[in-house]
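Order as written gives the chain letters A, B and C; numbering starts at 1 within each chain.
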Amino acid sequence: MSRFLPRALLAPAVVTLFAWMIVPLVMTIYFALIHYNLNQPGEHGFAGLENFRYFITDPDFWPSVLQTIELLGWVIVITVVLGVGMALLINDPFPGQGIVRVLLISPFFVMPTVNALLWKHMMMNPIYGVLGKVWTFFGATPIDWMTDFPLMSVIIILSWQWLPFACLIFITSLQSLDREQMEAARMDGANALHQFWYLTLPHLGRSIAVVVMIEMIFLMSVFAEIFTTTSGGPGNESTNLAFLIYKQALMNFDVGVASAGALFAVVLANIAAVFLIRMVGKNLD
Amino acid sequence: MKLKTAFAFGLSVIAAASAQAADLVIATVNNGHMIEMQKHTKEFEAANPGITLKWVTLEEGTLRQRVTTDIATKGGQFDVMTIGLYEAPIWSKKGWLTAIKTDAAYDVDDILPAIRGGLSYEGKLYAAPFYGESSMTMYREDLVKAKGLTMPSNPTWAQMADIVAKIHDPAKGVYGLCLRGKPGWGDNMAFLTTMVNAYGGQWFDMAWKPQIDTKPWHDAITQYVDLMKKYGPPGASANSFNENLALFNEGKCGVWIDATIAASFISDPKQSKVADKVAFVAAPTAVTNKGANWLWSWNLAIPVSSKQPEAAQKFITWATSKDYINLIAKSGGWASVPTGTRKSTYANAEFQKVAKFATQEKKAIDSANPNDSTLPKSPYVGVQYAAIPEFQAIGLAVGQQMSAALSGKVTVDQALKTSQTAAAREMTKGGYYKK
Amino acid sequence: MAKKAAFPYVRTFFAWFLSLLIFFPLFWLGITAFKTEGQAIAGHLTFSPTLESFVEVQARSDYLHYAKNSLITSVVSTVLGLLIAAPAAYSMAFFRTHRTRDILMWMLSTKMMPAVGALMPIYVMAQTTGMLDSLPALIIVFTLSNLPIMVWMLYSAFKEVPNDILEAVRLDGATVWDEFRHAILPLTMGGIASTGLLCLVLAWNEAFWSLTLTSAGAGTLAALIAQYSSPEGLFWAKLSAASLLAIAPIIVFGWFSQKQLVQGLTFGAVK
């Protein structure tokens, strides 16, 4: 009984996920090893490592790997730091707390493509965007976000989109913070900083780990935002691995190379996961 | 679940050879004219009892991907597909499309020859156009006149550079020249290809070797980057059609060279602040006028995997007929009819009255020949693209480099070199020639 | 930084200021929905509102049809996901083994393949099983895509339950189900609610598979939105209107579930 129950509870999730993972994975590996271009259906000869070689010899390959990591790193740092900050700010009750909570999580409700279009045109356009107008109001020349800081623009858009997610998880986690312990610490003379560092932050450790890992998974394969705003440019400055797969393979309808690219992305994601688990993983237990 | 039953039902009905009840699934692009067509679904269904229209409207890139996946895997998800002038030659050659059957009333000779040629294969029409466009120069007549200048009706790039420099006035919020900059084979490269054509260049020579690091490309792109840096709006390297449209409507552009459909928007007082101040001339030329303005059309085609080919034929011939154009004219006025397809539209007096750009647009379309758009002979079809499957990826890669050159991140020569390498890689992989 | 309770006004001010700042782009989207296309580009704060964009959206597309599909796929996939994920998270949180962390990582790894790369396999799978353009296909894809997220978040929520409470309940001789219902559920309601809400939103906004696997029948609100980013022609006011219509049900969900978030009881009270 003591062994059976936990396994039975775990079984449905594990079985379904396994099936969900294994079939596309096997198919992807198969496609990566053959010539498969939708424009030439019926020609499925064995290609060996040719697709992989083609994908990795693209001059944009290493820049896109670096940019994928850069994007990931920045968005995670921004959302976690700001997320913890905002969650702490609104943790104790104050007038309008409920409304503020909804306001804070609302950017997450908007569809990513709409988000991207919203930021690109309404916010960041140097001539008729809101940010441009604010800059001009203060007498400065508006920043040309998409041209001069393409990757940073995408990072800003993604951070804005994912901040609510982080906030929500931290808000929930803070609810179970032990108030008695905090009171006791305060009476012992701990100031706000001490309370935060020695009590709050460790308590939040697990939820920070959850946020970091989940965001990593999603941000690794970010595509829609880049496609809608910069199309990976100028040059390859805002190309990430997912966009490279799209450009290399989907535009050509070359399923073989796309599958090879996808496998590279899986490898990169695994490496990032191992690295991040080393950093935040002990908090999971 | 309901759809599967409907499909099964539809199949069995057709099998009984009585093709009466039919669900037509139409994949289309989300531009204005197609949206308009959806609003007239009831009229079609009333005239053709038994056929119901089901629309799937998508953004261009997604549409292209969906229909290509469907047609290549013989999915049969769509009965009518909206395809561009780019796919039509490729797919008809592969035998993926069913020929369009036309009768005398349809008057297939009325279709503009440049477009009809691009949609035919071995003499048969494989897709029917419902909207066509070319490119031309649109400019602010008031600004040009104010400086005591006149815009020639067939300007050269040298003349254009001169005019643009003089009307450029950022202090008053007017940028001399607005052009596309966003990377994409149908975005900035559509325009840049015509510019390269005008400077006597081409994408590939007769041996299919890319020609990007040659003098015509160098001259054209240098001119582009130079003019845009000096007289273009900030943010140009991310601007596409809509951004430039927004700028022009707000009166921020002096000259804009882009799709002829833009003319209808910028002359519409409801959205344009400068509606009464615009005039139109041909797109600029340089060494030649071949290929200096592009040719594009959105067309309706029937995949061979469609399960309702008869109903599809009926729909397509309805949607691209003279009667349909009259229908739109009656319901929305002649200014809103889909143009660029039939000679009869342009010959119509009512249309000419409301569409001041009509003459220039027709001239532009007639002068564009996808089979002969470059000064040196080319092995490919297409004015602002090459109708080969590899072109999309090549176009995007080159577009990204051009955008980088425009934003000053790389020099023009570096951009051209990188583009040449990228193109050569694709062409070698595609098997056009050995390395 | 935690601000001392002695300065509630400063905190309230900052809380409101920052959240309004974060909300601002959405506010902008909201007012753009009530503008004409020309006004949308001009970008002023003051303008005379019009409903013409909403009218156009209504005339153009069958909002209710798409909303219904979105509702069905999102809600069913979230509920189904919770039903599968909760037991798994429970098992890993309270019956921990040395394999637990590996299993968690493996579950997350099932999401490592970018959707762009897995396009063909999934499409072919859907095609061969005849499930293209069907709601069940979308439900399956959404459930399985969100399952790892749900397991992780629920695991995190369950781990927050302090051990002394669990032991106290177990000493009383409760069954697993009782233990869950009376001790764990009330304490983790906030975590479960936020998991449900987030995964509902993820499914609601999912556009890639929604567009790839459907055509005329099973399109969701993502298909509605896809109609508005026209390649040639201004569309921002219409897109804003369509987006508002697409977000509206979610905002309602959000409002109700944020009340659930507050239900984490302080542990002094429980003891």
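Following the convention adopted for this analysis, contacts are C-beta pairs under 8 Å (C-beta built on N, C-alpha and C of every residue); 3 or more make two chains touch, one makes a residue touch a chain.
Here the structure is a predicted model, which is why all the values come from computation and not from measurement.
In terms of the distance between Cα centroids, chain A is separated most widely from B. Set side by side, A-C and A-B show the greater C-beta contact count at A-C. Centroids of chain B and chain C (each the mean of its C-alpha atoms) stand 38 Å apart. Rounded to a whole number, the gap between the C-alpha centres of chain A and chain C is 15 angstrom. Taking each chain's centre as the mean of its C-alpha atoms, chain A lies 35 Å from chain B. Touching of two or more other chains is recorded for residues 41-42, 120, 124, 226, 229 of chain C.
Counting only residues that touch two or more partner chains, chain B has 65, 69, 73, 246, 250.
For chain A, the set of residues that touch two or more other chains comprises 121, 128, 250. Contacts from chain B toward chain A in the complex involve residues 61, 65, 68-69, 72-73, 90, 94, 182-185, 187, 233-238, 243, 246-247, 250, 252, 389-390, 392-393, 396-397, 399-401, 403-404, 406-407, 409-410, 415, 418, 421-422, 425-426, 429. The part of chain B that touches chain C in the complex is made up of residues 1-4, 23, 25, 27, 29-32, 35, 38-39, 54-60, 62, 65-66, 69, 73, 75, 77-78, 241-242, 245-246, 249-250, 259, 261-262, 265, 270-273.
Touching chain A in their complex are the following residues of chain C: 1-5, 8, 11-12, 14-16, 18-20, 22-23, 25-26, 28-29, 32, 41-43, 84-85, 87-88, 90-92, 94-97, 101, 103-105, 107-122, 124-125, 144, 147-149, 151-153, 156-157, 159-160, 176, 187, 190-191, 194, 197-198, 201, 204-205, 207-208, 221-222, 225-226, 229, 236, 239, 243, 246-247, 250-251, 254-255, 258-259, 261-264, 266-268. Every residue of chain A that touches chain B in the complex is listed here, in rising order: 37-39, 41, 54, 57-59, 120-121, 125-128, 142, 144, 146-148, 227, 229-237, 239, 247-248, 250-253. Per the touch definition, chain A reaches chain C in the complex via residues 5-10, 12-14, 16-17, 20-21, 23-25, 27-28, 31, 36, 85-86, 88-92, 94-98, 100-114, 117-119, 121-123, 128-130, 133, 160, 163, 165, 168-169, 171-173, 175-176, 178-180, 192-193, 195-196, 200, 206-207, 210, 213-214, 217-218, 220-221, 223-224, 228, 241-242, 245-246, 250, 255, 258-259, 261-263, 265-266, 269-270, 273, 277, 281, 284-285.
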